[in-house]
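Each of the two complexes below includes chain A, the first together with chain B, the second together with chain C.
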Partner chain A sequence: MNLYLVLLAACLFVTSSHASQEEFHESLTLKPLQDGKVTSHFSFRTLLRGATPRNPETLDKEDNPQHYTLFPLTLGQILREYAVTELHLTLNAGKWDYDRWGYPEEEGVGTGAELWAWMGESSAQSVDQRWSGLRNALSGLFCASIGSLDEQRTTSPDFTFQPKGYLPEWSSSHQIRHGTLPSEHVCTENLTPFLKLLPCKSVSGIATLLNPHKLFDADWHGLGVHVRYLHDVGIEVRLSFQTVADPIRYSFVGKRDWSLRSLFDRAIERSCPVATTSEVRLQLPAESTAQISPDPSSLDNGYATFDISKVAKPLNIAMVWPDELKFEYPLTSTPEPLTHISVHRTLKGYSQSRGVLSIDVTNNMPITIQTSYLESMPWLLQFYLHSLKLYYNGVSRDDLISIVSYTPPVPHSRPTLLQAVLTIPGNSTLHLTLDVIKPFLRYTEHPPDAQRGWDLPPAIFIPLLPSQASGSPNGTAMSINGMEENKVFPNRNRIRPHKIYTPILLVDPATPDFSMPYNVIIMSCTLIALIFGSVFNLLTRKNNDLPIERILDILLNKCIS
Partner chain B sequence: MSGQQHGTTVDPSKLAFETTTTRRKIIFSYWLIVLLAIPLWWKTTSIDRLSLPDSKVKTLRKKEWKFPVYLHLESHVTSHPIVEVQKSVEQFLTMDLQEEDGISVHVTADNSTLGPGHYRIALEPGWTDPLVSDRSLSIGMHEETDDLSVDISRMRLSSTLLKLLAPPSPLSSSTTHRVVKYSPIYRLAFTLLNEDASSGQASFSWEIEKAIKQYFEPVMDALSVLHNFTIESQVQMHAPLAFTPSTFDFENQTIHCLTQEDLTVFVNSAEWALSSSVSNDPVIHFILFVPSAERSPLRILDHDGNPTSSNAFILPQWGGITILNEPQQHLTLPSLTSTFFVFQEQLLSLLGLPSLPRSVRSNEVESLSKLFTDWQLDALVRQRALENVKESQQTLESITALVRQIENMPVGEDVKGDVQGALNELELAHSMQDQSISTLYHSAQALKRSSRAFFNPGMLALLYFPAEHKYAVYTPLFASVAAPLVAAVLREFAAWKKERKAKEAKESTESEGNSKTK
Partner chain C sequence: MDFEFVFPALVAGRFLLALAPFPGSLKHDHQLSSPLTSYPRLQEGVYLFQHGVDPYSGGLFRHSPLLLSLFSTAIPLQRHVSAFLWTASDAVAAWALVKIWRSRKKLQSSSRDGLIAAMYLLNPYIFFPTLALSTSTFENMLYLLSVMFACQGQVSASLLALAFLVQLSIPSIIFLLPITLLLITSPISYLAAPKLFTADLRKTIPILLEFLVYSTVLTFASTLACGSWSWVAQSWGAVFGLPDLTPNPGLWWYFFTEMFDHFRPFFLMVFSVHLLIYMLPMCIKFQHDILYAIFLLSGVMATFKAYPTLSDPGLFLSMMTLFPEVYPYLRHPIVTTFLHLHAALLLPLFHHLWLSQGTGNANFFYASTLVFGMANGAALLDAIWAGLRIAIGKLPDGAEAVQE
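Presenting the complex of A and B:
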């Protein structure tokens, strides 16, 4: 009997320990925006407890067998195969409007594809080899052209892209590889493999709402895959999907009321049986005229939370403004800025060889702040770094920029990397200009598609906020430590370094007429043939039919007459 | 008229640059340059086609592949003296062994160490079933008196040996399609598939690592001379079927059925994320399928439409599937036992392990201390080696035939190297036939290199750039340049002929004149 009890206890222990090895948390955060739109942010977090990233020094040995329950095997294999410590992949479509929407929940909102990874150095296989393998593997996994993020687009911006997790202390150091492909567009073919990585696919739980027909109709949409290593905890894979939908567009009468059914055409019918936590959080707008249904499981901190495993299903969260007959758009000048800084970047100049890159950075805070500035530019646009000028109130102030690192481009092979720190006085705008040239492309470097120019990756700004600001210019509550800053800017998220992606640019380098090579061949062949013919004739022609003098005479007579 | 006014007439043919010899020299030098340039042009525009060792590939067919097998006889039965048994067994086996069995049997009386290719045969008194252990066979034989029963006993021994040494090859019989193609490394992918975990009937986790350690590691160790294995496993919560199984009432219970046709389309590869393409090693899948609550119990029907007792089936060359109708939330090792025994069987069957002849018993297998006998393993090694040899021979023949047929196909150094390497490996494999394991190793190398040569991407490079395009580009230049060159030669030739005629005529008139003056 005792033996049975011990066995039972052992069994239970094994069961519980096994169950706690992998955890799956899913959440959906909904946020009505001031311009009537609604952001939804899906986050699916799988935690592999006790796991560590593969040490790249062991790449030449056979790997341990991989056994996963909730963790996606296909992604896990890629991570092990290329010994990736940290990985971030985002595929977005649309332009994130920071001025109207504020900071996104998921900070990687650059248009197109962006991939960055931290990998340990190894003597077995170099970081660059694995980076290339990783790109191709992810490309296959997500049906995206990430494979073309080659050396011409890869940089190592270690200053801007700090690891989000922990880098294990191995004998060798870690390196970052980063690449963007702004012309890549996210669509259903990327979502399908993305859903396959989820333990509950899109059959049960929050992921039911991921309906491609609605997601890709949204004003802004993007998916992300984030892998990081948390020290003493394990490896975390977070799959995210973010959209900005416009309920006013769906409404016939121009109201901003929305529900899960109107946003996604679906409601949550069943809960995912393996999710440890599964909740929908709804940020309540500041004005209290809105009503939500059904009643949330809990209400705190301006958020209404619905626990999927407890609430009645099907769950169709709805938010209505009963007093509003028609939504009035706020005036264009927003009453209060939603981000610390606002950035506008444009490429000026109409010629096909030269231009000016112009950037306006506005500090929305009353204090002087610093912001990091990153340009990771393919050689399709080359900077004249000496022409970098900073203007503050119309006065040139080159002391406000300090360049952290600069890697000049190598045409046809390497991109430019410019990392700098800008200092911006409070409530003012810095104006930055930089002369650029647009190089000539080789005949084979032009894409086979219809020519629309080349998309250039976004610049990335990270406002560096003083963690313990001692004094502020106004002497008011500007000591920036979370709560107080939230009082000053209640709409702003809590303090953490936020990346701000500028919109992408389009450059149109000189493009040849592609029928030209054949024309050139024909033309030069004709010319060569003509020259050859006349030289050959001159050398070999027999002139004994007519004496030279006769010819001259005939010609002379003709001229005279 | 006017020429005379200006001065003396100059005969143009008398000018230095108008002399016939200078002109001919010029034309000649043009042609000389053209002719000299032709090899250069040929070299720069031709496709790099190294010659492949065609004749060597052709002679491969003539090679005889026979693994020598030595049977060391031991007789404890007086009516069966070794010499006689040896003679009759040898006679019988050489008569019944086919060319494709690829073995040559040598029966000896001497004792030597046993190993692959060396077996001990002990004839014991009494009439017992043939018993195998390691590489020896003991077979009971009566003390016979009459010739007929002596012959029958010896026939029995010989046919047992034939079945053991050259079992009906799974590679040549109807089960050919079931056995996976040979690869030195396989990935074994175990998947616990829940049709719909939110329906209430599901298994969320399993003790896969323990199960593999207990049931698969012995198999993998035993097969390590043939293959290496890498292992992966996953659990899926939602794996819908692509079809709806039919239902019918059976023994007062509604059951859901899979017909034999359903089994072939059972795997829903569009929805089930079974394996990634991170490596190129072939994958063998093992799936434990848990039907959803509304599809339970799920049974397999036989060809006549009656439910079978079996709950597992093999998909040829793909893997094995087992259906689990009564799942537990967490599958412990004891509850996985039957499943993993089935998986084990499926793996051996997919890898083509021949089964032990029905009449032969083995204590090791019966006591579960071993999964299969060394006789079976040796037979599989020989069959696989032969299969590889044949396959690489065929591949090499196809390459040479293809290269011969398509004249635009480039053949680079790497292709030639691989073909040569494959030939060398085959040579080595042939010379080591007394060690079947080294033969297997070299034949696998040969197969690898020959298929690498066959699939070399460089061979496709110019296939799509036809010669017509080249001519289209060159014609505007060459045609217009060639025309005056050819015309000049023809004209000069005509002039030379005319000149010679005139000279002859002149000479003849002169000689006539001379004769006349004489």
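Presenting the complex of A and C:
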């Protein structure tokens, strides 16, 4: 019987390993922006066909051996070790300006590090244990301080962070863990391990352009790792890098002309031989005065596409505006807003013990829409939820918010999680205020340079367009009615829910004097000992009235002896 | 002046004061309300409770479930209702103080009644916390009611008030022994003529058992009200673990802000036990006048408890009016008075400089809490000295009272 089982398992293993094919797709999307900047979005997609995520119930058993040719082994090992079904890691620097740049290609643009993962529950190892291991493993892999995304920063915002792929139907359900570390910055030491995960490294193909000198000089830059499971297809790992470069800053005469060489200091010399597809897509601006060179392989839908394997190399795509002597910055934002909603979040108040969190959400669409609102706040800022006020046209309208879930903070350990849905009438602004208190920390809890304060994570908004909003909030997928949206914004071709990250905040909790521990212990203890001693001196002795001469005698005797 | 006229006038004055448009920031002041007694936190807890979130699952709300159930069902937390309730509670407390005085003197009324009520109702350490709607107002009221009933010999009423007080603030358990002793003796002043304790100590057993029953019932009622035992760690546990380091006029917060992590549990234990060890010596030394021991223990609480506010020393100072016989024997009344005035000036000033103005640092406020601690300690020592010294009476010329 056992022999049969072994044979069966071996057969299955052989067939499954034969079935798992690996594919590698790479692409670069370039997009000139209205303020003269250029966004570049690198995407390196490796697909492990036929693979499934590890069921966490099998964690106490020996895992199948892993053989990959294109799929990054080090990442694959981490995914198997901690039985992670879906994983998203982003490391960004800078503030994404939605009002000028619109929605990013890669939606995770929150400043700092953000990690979220969906993991199946298991009796072998709890989700929290594996989350901790995953953080430390990724921290080692990417040379980033993700390890400090501890339980003080971990929340479970299942309403806002829906899975991007498919969650296998195991006996136990899936849980999400999410953490942000806004003070973490992305730099070369994170890019080097990132490049090592690519099959062609930075030797050939599009990845040649990933030149750290230029990437980290950009106005905004960030890298991302996205792992998801596609049902009946396999496991997909997508490594992405996104930058917003400013060609005007590079140009001596203030022109917005750019080329791959000016943006990255490199051109694509040769194609990556193992890539199934490898292409550069360039979005053509609405005004037609721009010229591109060389000629693209194809032109469709406002995009010029260059197939790396076919075009002549070295490929140095360039875009010039020959009629323009000097770029004129647009004085106002475009007549048509680029995003559904605009959000401004500030922390007001001068006191070091309390303040007011103030948020303005503007609906840029003519129809009433709903938007989900997520605050995942470390206990460094604590909300008085009862003071939450909504104002619409100066009138208090508390009915426009509905709170989906609220987890109050625990000092020294757990963050706050607030998930809500806001309803915003068309073309108008909702003003939201919330009283907050800034707690007092132990002196060992303050970071170095404590007076600078703490960076607080961004709030996240997801506009739910009419057809979405009607769906139940805990539905697995946020469907979207493309027809509806296209009627309102005809030239917006991306149809999916968009996350909007607000800029991060800074909170300055009151600091104790860091040189004082010994002094405070000494002085407080002295006072207590003084009172204690005097009280017990009074309580334990006998009272007497003595003539002055007798007292003098006693004192004299004491002095002599 | 006539008490029947003075008392209503004082209470009416306090109601007018409560309705005056004081700035809302008073409610957030760290000297007037601690995390355990703060009004905004009570509002937050009630809000969370009414919206189906367990308020004890977070660290913001640390009030007793009794207050939570009271304000989430019976009484809405609105400005005018609260102003009325808090001021009324102060009025009850002042009335209880007058009753204590009357039973101590075995009088139906006296000329001093009005003064005693005024000393409570017009004490700034009492009425500012009430204006800030700190729940320490209720603690003071329950404390005075318990003592009043004990003076009148009403066992059940006194123990019930004490059981409620212990629910709201667990350190008040140190009053259990003296109040039990007061119940089996009398509140009449024997300070000047000490005598040995003659009452039968076995009588305390049914009293202690009755208290235990009340406390158990209230504890279970609290658990029933909020649905789980999580409140115990959040509300009572905070007094021993000091999880919230919000500044207050006491001695704990900066000490444990600056404490080395590996010594924290040890010093938390030392500070908690330290509060407890005063109970027995005070009761033994003042066995002839247990009411005086209760008064002294409230001074110990005001100086050493974990989350004190100004209302704790306020209670001690107001209670001093009950013992006019000791005034001539106070040791350094001038020094103590000036220490208190000095601290009363420094505390709000340095608090503002540190947290709002940003021109001072934490040491400023810490220094003023030390001054305040010295003032409270000096007042306590004065009171102990005077309570003992009065027994000797007037000395012949050329003699001085000493201890040996």
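The rule we apply is simple: the second predicted complex is superposed on the first by the 469 of 561 C-alpha atoms of A that agree within 3 Å, B and C clash if a C-alpha of one lies under 4 Å from a C-alpha of the other, contacts with A are read in each partner's own complex, and residues count from 1 in each chain.
As a working rule, contacts are C-beta pairs under 8 Å (C-beta built on N, C-alpha and C of every residue); 3 or more make two chains touch, one makes a residue touch a chain.
Since this is a predicted model, take the numbers as computed values, not measurements.
Novice: According to the stated criteria, A:P65 is in contact with first (chain B), second (chain C), both, or neither; which is it?
Specialist: First partner only.
Novice: Looking at A:I268, would you say it contacts chain B, chain C, both, or neither? Reply first, second, both or neither.
Specialist: Neither: A:I268 stays clear of chain B and chain C.
Novice: Looking at the overlay, what does A:C200 touch: chain B (first), chain C (second), both, or neither?
Specialist: The first partner, chain B, only.
Novice: For A:A290, select first, second, both or neither according to whether it touches chain B, chain C, the two together, or no partner.
Specialist: The answer is neither, since A:A290 touches no partner chain.
Novice: Of the partners chain B and chain C, which touch A:L215 in the superposed model: first, second, both, neither?
Specialist: neither
Novice: After superposition on the shared chain, which partner residues are touched by A:I528: those of chain B (first), chain C (second), both, or neither?
Specialist: both
Novice: Looking at the overlay, does A:L539 come into contact with chain B only (first), chain C only (second), both, or neither?
Specialist: both
Novice: So in the superposed three-chain picture, is A:A245 touching just chain B, just chain C, both, or none of them (first/second/both/neither)?
Specialist: neither
Novice: Indicate the residue numbers of chain A shared between its chain B interface and its chain C interface, in ascending order.
Specialist: Touching chain B and chain C on chain A: residues 521, 528, 530, 532, 536-537, 539-540, 542-544, 547-548.
Novice: In their complex, what parts of chain A are in touch with chain B?
Specialist: For chain A paired with chain B, touching residues are 11, 14-15, 18-19, 62-63, 65-70, 72-75, 77-78, 81, 137, 140-141, 193, 196-197, 199-201, 203-204, 270-274, 521-522, 525-526, 528-530, 532-533, 536-537, 539-540, 542-544, 547-550, 553, 557.
Novice: Okay, in this complex, where on chain B does chain A touch?
Specialist: Going by the criterion above, the answer is residues 2-3, 6-7, 9-13, 18, 23, 26-27, 30, 196-198, 202, 204-205, 207-209, 212, 230-238, 240, 271, 273, 275-279, 330, 332, 473, 476-477, 480-481, 484-485, 488, 495.
Novice: In their shared complex, at which residues does chain A touch chain C?
Specialist: 350-354, 379, 382, 384-387, 403, 406-412, 414, 416, 435, 437, 439-444, 510-513, 516-517, 520-521, 523-524, 527-528, 530-532, 534-548, 551, 554
Novice: Name, in rising order, each residue of chain C that touches chain A in their complex.
Specialist: So the residues of chain C in touch with chain A come to 28, 30, 40, 43-44, 46-48, 51, 53, 55, 57-61, 243-247, 251, 253-261, 274, 278, 281-282, 284-285, 300, 303-304, 354-356, 358, 361-363, 366, 370, 373-374, 377, 380-381, 384-385, 388-389, 391-392, 395-396, 398-404.
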